[in-house]
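I'd like to ask you about the structure that follows.
Note that the chains take the letters A, B, C and D in the order they are written out, and that residue 1 is the start of every chain.
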Amino acid sequence: VFRFDPKSLNGRPADSFALERDVRFHDIDAAGIVFFARAFEYVIDTFIAFCAAEGLRVDEVLRERRWGAPLRHVEADYVQPLFFGDRIEVALVAAHLEDTSVTLGYRIANCVDGVVHATVQATHVFVDVDTFARRAVPGEMRSIIETRCRLWPA
Amino acid sequence: VFRFDPKSLNGRPADSFALERDVRFHDIDAAGIVFFARAFEYVIDTFIAFCAAEGLRVDEVLRERRWGAPLRHVEADYVQPLFFGDRIEVALVAAHLEDTSVTLGYRIANCVDGVVHATVQATHVFVDVDTFARRAVPGEMRSIIETRCRLWPA
Amino acid sequence: VFRFDPKSLNGRPADSFALERDVRFHDIDAAGIVFFARAFEYVIDTFIAFCAAEGLRVDEVLRERRWGAPLRHVEADYVQPLFFGDRIEVALVAAHLEDTSVTLGYRIANCVDGVVHATVQATHVFVDVDTFARRAVPGEMRSIIETRCRLWPA
Amino acid sequence: VFRFDPKSLNGRPADSFALERDVRFHDIDAAGIVFFARAFEYVIDTFIAFCAAEGLRVDEVLRERRWGAPLRHVEADYVQPLFFGDRIEVALVAAHLEDTSVTLGYRIANCVDGVVHATVQATHVFVDVDTFARRAVPGEMRSIIETRCRLWPA
């Protein structure tokens, strides 16, 4: 499975898609910081908002059973803890396309001072929703990634 | 909509179904106590375990599209806060049956000292999964509630 | 405990505070609709955003241990199911103040057609964070509720 | 950062600690399978139960502010989707100790047929709770890992 060097996700290309959000009251864990797995919720919300911004509604894809995109591999590197009340930017900073999968790289940073909190990567494989058999990256997905993402390798 | 007097849910009949569980690391919120809405996760898990213990698998019901049981009304009364590490018992202490709905009453108590943390009630309505039209309480559900729950009014 | 008549929460005063949001991919449950307890996450996020909009940062309140506001009672009435992809408005439509508590009423409606999905109410009690003893509604909270909310009874 | 080869986590040593659990109604996402990030909740619950079984209560550690163990890196490899109603075993199958960190490897498998659903790994760093400065792995943690886990490299 392809993996980005986590360090390569620390920068944010100027034209990359990003979603701003607040760390929520109920994102915190018993240690008083953001529960680490929330980072994966943050990036999936960003992925879905990115698709919608490019005209691809994931809810329609699922309802019409056009294709599925389950995760094959995910990972996160945490640099600084997040706290309730932090305002964060979750940016889609890199993409790597293969025949039947795409790996997306994200950077979670503080909106106020730009400090990077975490980098996350997620490899989706594309499948037929009835058989779960692997299939090519759907054209409607491939095109928005090629058009709008920083591809790696270039 | 039928409602139990919350006080009536403070007692636990000896033969009522109950599930023990630990308050989890990620059930906590930024105030350092259990996020109040977790109580609803706890009672739904108990409802599903109750059904399974009585031979009714909710996962099969959904997969076979036999019927749906969405919530029409829920409420919770919080008496004492819960903390990470608490061991709790979530008991199904009362039930009220109507033609097309059932209201279930739960008590969440500390396993160690028996202190009541919260009472919860949830009214499910029964529907056809395709049309969302109301339907009678399915026989397989009605029978396990009549057999195993403290009915109210008796 | 004070309770609003759920029907009284179906209307939305023109000047009430509201937050728009998307129903998320991971808000859905095994029945294919929004898990009912998400409604409580939605209203708490709205409450915190309301406070912030009025200059009261709940994260600072907690960090400085000024006061706590745990829930004493919550309830929700569900009218229509929500689905992944729905765009919703969560509005704070009513408030009831007592000496040491406040009950807030919310309406969750579809942004596109205005259909009401659910009404929710939540009674916070105010406490000293060290002793959990009840205390008067803090002035900074009382004033923004009196200024910006539709009080009930008027 | 140390990483296990995900394939090395497919086996489960006979004496490894494991927790059985049911996939919950609200663990599902809009695609109808378990939301991938739940795997991280499952492994943290297993880690905390492992500690408790060995006499180390993480809730006490946090309450007494003895040390913190935030995540530095986590990753998961998904082999087969999980569905509502699946009964799973979450096993702690490997550990790698360094001076100030530990990487734990987990295997999530179906209890009925033994099929592996996912492997997960999580690197905790140990810190002083006040300063967040790195510190040595606490003796009470090191000893239970050395005693009860399959160490890697041996």
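Throughout what follows, a contact is a pair of C-beta atoms (placed from the backbone, for glycine too) under 8 Å apart; a residue touches a chain by one contact, two chains touch by 3 or more.
Owing to the predicted nature of the structure, the values given are computational and were not obtained by experimental measurement.
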Practice task
Give a one-word verdict, same or different, on whether chain B and chain C use largely identical residue numbers at their interface, taking over half shared as same.
Solution key: same
Exercise for the section: Consider the two chain pairs B-D and A-B; indicate the one with the greater count of contacting C-beta pairs. Expected result: B-D
Practice task
Select the chain at the greatest separation from chain D, using centres from the mean of Cα atoms.
Solution key: C
Problem - Rounded Å distance between chain A and chain B, as computed from the means of their C-alpha atoms - result: 35
Completion exercise
Expressed in whole Å, how far the mean CA point of chain B lies from that of chain C is 23
Fill in the blank from the handout: Cα centroid separation, chain B vs chain D, in Å, comes to 30
Practice task
Spell out, as numbers or ranges, the residues of chain D touching 2 or more other chains.
Solution key: 25-26, 30-31, 37, 41, 44, 59, 62, 84
Practice task
Over in the complex, which chain A residues touch chain B? Could you list them?
Solution key: 25-26, 28-32, 35, 37, 84
Handout entry: Contact set on chain A toward chain C in their complex
Key = 22, 24-26, 41, 44-45, 48-49, 57-60, 62, 83-85
Exercise for the section: Could you pull out which chain C residues touch chain B in their complex? Expected result: 1, 30-31, 33, 36-37, 40-41, 44, 59, 62, 68, 70-78, 81, 132
